[in-house]
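Same chain, two partners: subunit A is paired with subunit B first, then with subunit C.
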Partner chain A sequence: MRTVVPVIIAFLSGFIMIVAFFFNPDKTILGKIESEVLVWVTIVGGFTLLLGVVSITRVNWQAVKTKKKGWIYNFLTLLSIFVMAIPAMLPSSWSPFFGDSSGSVYDWLFNYIDAPMMGTMFAMLAFYIASAAFRAFRARNAEATLLLLTAVLVMLWRIPMGEAFLRLFSDSLPQMINNYVMNGVNLAVQRGILIGAALGAASMSLRIMLGIERTYMGKG
Partner chain B sequence: MSAVEMIQIWVMAFFTLAIFSFLYKDNPVYRVAEHIFAGLSAGYYVGLIWKSVIIQQLWEPMMAGSWWLIIPGLLGALMFARFWEKISWVSRISLAFVMGNTAGIFLISQLHGLVLPQIKATMLPLGGGGGLTAALLAIIIVLGVISTLIYFYFSKEHKGALGVTAKVGIWFIMIAFGAHFGYTVMARISLLIGRVYFLWNDWLGSLAHIF
Partner chain C sequence: MSIWDKILQLDRRWIYLMVALAVIFPLIVPMTFKIYITPEVRQLYNAIDSLPDSSVVMLTFDYYPSTLAETEPMSVAALNQLFQKNCKVLTLTTVPLGGPSIAERVTRKIAKKYHKVYGVDYVNLGYKANYVAVLKGMGTSIEAIYPTDNSGTPLSKLPMMKHIKNYNDIKFIFVVSDNGIVDYWISIVNAQYGIPVGSGVTAVMAPKFYSYIGSKQMTGLLGGMKGAAEYEILVKERGMAVKGMTMQSLVHLLIIGLVILGNVAFFASRRNHKKGEHF
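Then we have the complex of A and B:
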């Protein structure tokens, strides 16, 4: 019961989506069912994301309650969740600070605290990538040399000063990097990886539908 | 510059510098910013899902007469059974529904929407116009795709013709990873320039209004 029912549900819901693909979404009942089920999946998926946030809240609340080392940071996380989420959930008709429109608390916190921190986090990666490259990029063998050379060429090609430098060797060098490296070799490898990953995803989907893959259910 | 704008700039500058302070070492100011960032990001998703999913796709249509939407609403609520050990298995029903549907959609979308178009775009005629460059590119792409796929094929030992093709594959992969790395570094540097420009221009510029 605890395993068989979910497996049957997974099979049926997947099977419907596959069969519905072959029918017109506007003219057939099966097509209409597909559109409706897609809305259902979005709703249940939304709840799963909320489940994640509730889980974060529980973990942090536990740390605050037991006064675990560094609990003040957990308290700050909790406070930030509530300060961001609660005004966003209240209707904007009550106050201009509620909801998610321009001028609301939610909008202000996102624009002036969350977004700048997100940008800075990613910007900081520039230092770590540079440091990792300094340690890892050694022309030890032919393959490593290829990696190093391509990375340097692309980095130069991406900036105006670097492009001007490349033009000192040949006027067509930047164009060649664009044609043969980015739209040639790079595209081919990305495509190969994409096809491989897509075939893997398709076979995994089949395993889930047939009940061979059940790890998503957890233990018990 | 108004007082509100000044506060906004100083708040942004404080959190930008707090995050950058990690470049020196882990410190309490960074941790404060990090935890606030984690909390705000989680809160951001709550706000987003609340409006775009719970209100717009569930509550409002239900109030307008689509009463059957109570079913996905209940399935979603069942997910929270995970928090009680005795009934946690009930959440598998909702999870199986999402997983099954996603698997069905994926199976079709990956094969029909990804694999077939990508193969079609790879097999281009050599004499299809565009001259020598286009023909050379077409050959590079076919070689690259096949050798990359063979490099990641581990069901047979890489020996003989398979080994040679896999070796060509790794050369292609190294060039692509180098290109990808260079591209990522430049994107990150572009973000860094943005943050430094903000600090230099907006934040330090705001000091001129104070003094």
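Then we have the complex of A and C:
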């Protein structure tokens, strides 16, 4: 029962979505079922977010309660979740600090703490990339040399100073990089990856629908 | 230890200092370089420019605050062009962390500049979980997926939404994103409903989407800050992306210089060691 029911639900959901694509959603029952299923999916999606919050609270609360090593960070995680979420959930008619509109606690925390912190983390990548490029990017063989030269050309092409430098050799050099590197070799490789990934996704979907793939139920 | 060995063992903190200086220097000494427009950016600009007046355009804010430096200038420039053309703008996000707030803040700021009225000229739908279902569901009914806007007002009470039922009423979709959602806008919305989709993405993501440009599934592409800067120039609203180009240029040149230096030092050091072995 615990296996058969999820497999039937997965099969029917997938089957409806595939077949309904060929029917008018306004005029056929199948189309209407599809629209209804899609609304259900967004509702279920909302509950999965709630499940995430419950899960993260349980794990971190356990660590705080047992004073596990580094428990202060677990406490900060909990504090961050609730300080940000609770005022945002309360109606703004009660206080201008509630809700998520401009001037609320949520908005302030987001604009002045969350966004700058995330921006800082991302910006630090520039330092690590520069250091890693210096240490690891070596022309040890033909393939690595080709990769290195292409990378240097593309990096030059993507900046105004570099483009001005490339134009010293030929006015058409930046256009050639666009045509032959980005819209040539890169395009072909990316398309191959995309088609491969799409075929993989299609076959995985089919395996789930037919009940062959059951890892989503915690089974091998 | 030779000079080359010393260079190879350069303390990473010197590299960090050089990167910091490359970022700070243009703030002290302003420099400007001509920015050339790439065909992908021009294609996106032209696609919007050729829309009839008052067309409905969907603009997405599918990015996290971490990539604001690259993506926000794209959203700002897009809103400038859309409001200059008197388009009706429908914004939404598939990113829960910050997406709705960013959309609200950026859209209201630019709308104010053009005296646009919320609910009449633009609407912010906000965020809904499970983006695949959201994208697919809006093909049938936007109101079924988003019964209210971001601030909880029913869509039926917003004048602009009276004539917007589903994708059939939308002329163009402009996706600004820092994640894989762009693939779904192409595979679900463009492929299944035939709505033209243009996108602005981070520089690391951009190479992937050239294949969609090639197959004409994507109408124009802004790649990273450079793409945003080109777009700002076309829209004639120079902003943060154009300003950021000098810093990005210097950091790129520094990285190229470090790669060259690292390789020269590596091969020179290896040659010296080989010579040493012979003696």
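Everything below uses one rule, namely that the second predicted complex is superposed on the first by the 218 of 220 C-alpha atoms of A that agree within 3 Å, B and C clash if a C-alpha of one lies under 4 Å from a C-alpha of the other, contacts with A are read in each partner's own complex, and residues count from 1 in each chain.
Everything that follows uses one rule, which is that a contact is a pair of C-beta atoms (placed from the backbone, for glycine too) under 8 Å apart; a residue touches a chain by one contact, two chains touch by 3 or more.
Remember, predicted model here, so these are calculated numbers, not experimental data.
J.: On the A-aligned overlay, A:Ala202 touches which partner chain: subunit B = first, subunit C = second, or both, or neither?
T.: Only subunit B; A:Ala202 stays clear of subunit C.
J.: Is A:Phe23 contacted by the first partner subunit B, the second partner subunit C, both or neither?
T.: neither
J.: Would you sort A:Asn183 into first (subunit B), second (subunit C), both or neither based on which partner it touches?
T.: Once the two structures are laid over each other on A, A:Asn183 reaches both partners.
J.: Considering only the touch criterion stated at the top, classify A:Leu147 as touching first (subunit B), second (subunit C), both, or neither.
T.: first
J.: Going by the contact rule set out at the top, does A:Val53 touch subunit B (first), subunit C (second), both, or neither?
T.: first
J.: Thinking of the overlay built on chain A, is A:Phe97 touched by subunit B (first), by subunit C (second), by both, or by neither?
T.: neither
J.: Can A:Ile159 be said to touch subunit B (first), subunit C (second), both, or neither?
T.: In the superposition, A:Ile159 touches subunit B and subunit C alike.
J.: Specify the partner with more touching residues on subunit A, choosing between subunit B and subunit C.
T.: Touching more residues of subunit A than the other partner does is B.
J.: Is A:Trp71 touching the first partner subunit B, the second partner subunit C, both, or neither of them?
T.: Neither partner.
J.: Could you tell me if A:Trp61 is touching subunit B, subunit C, both of them or neither one (first, second, both, neither)?
T.: neither
J.: Common interface residues of subunit A with subunit B and subunit C?
T.: 17, 21, 38-39, 41-42, 44-46, 48-49, 100, 106, 110, 114, 118-119, 121-123, 126-127, 129-130, 133, 148, 151-152, 155, 158-159, 182-183, 186-187, 190-191, 193-194, 198
J.: Quick check: in the complex, which residue numbers of subunit A touch subunit C?
T.: Against subunit C, subunit A makes touches at 17, 21, 25-26, 31, 34-35, 38-39, 41-42, 44-46, 48-49, 100-102, 106-107, 110-111, 114-115, 118-119, 121-123, 126-127, 129-131, 133-135, 137-139, 148, 151-152, 155-156, 158-164, 174, 178, 182-183, 186-187, 190-191, 193-194, 198.
J.: Once bound in the complex, which stretches of subunit B touch subunit A?
T.: 8, 11-12, 15-16, 19-20, 22-23, 31-54, 57-58, 69, 71-73, 75-77, 79-80, 82-83, 88-89, 92-108, 110-112, 114-115, 118-119, 121-122, 133, 136-137, 140-149, 152, 169-186, 188-189, 191-192, 194-195, 198
J.: Taking the complex as given, what residues does subunit A use to touch subunit B?
T.: Residue list for subunit A touching subunit B: 2-3, 5-7, 9-18, 21, 37-54, 56-58, 70, 73-74, 76-85, 88-89, 99-100, 106, 109-110, 112-114, 116-127, 129-130, 133, 142-144, 146-155, 157-159, 179-196, 198-199, 201-202, 204-206, 208-209, 216-218, 220.
J.: Subunit A touches which residues of subunit C in the complex?
T.: 10, 12, 15-16, 18-20, 23, 33-36, 38-39, 64-69, 96-98, 100-101, 104-105, 108, 128-130, 132-134, 136-137, 139-141, 144-145, 151, 183, 187, 192, 203, 207-211, 213-215, 223-224, 226, 229, 245-246, 248-256, 258-259, 261-263, 266
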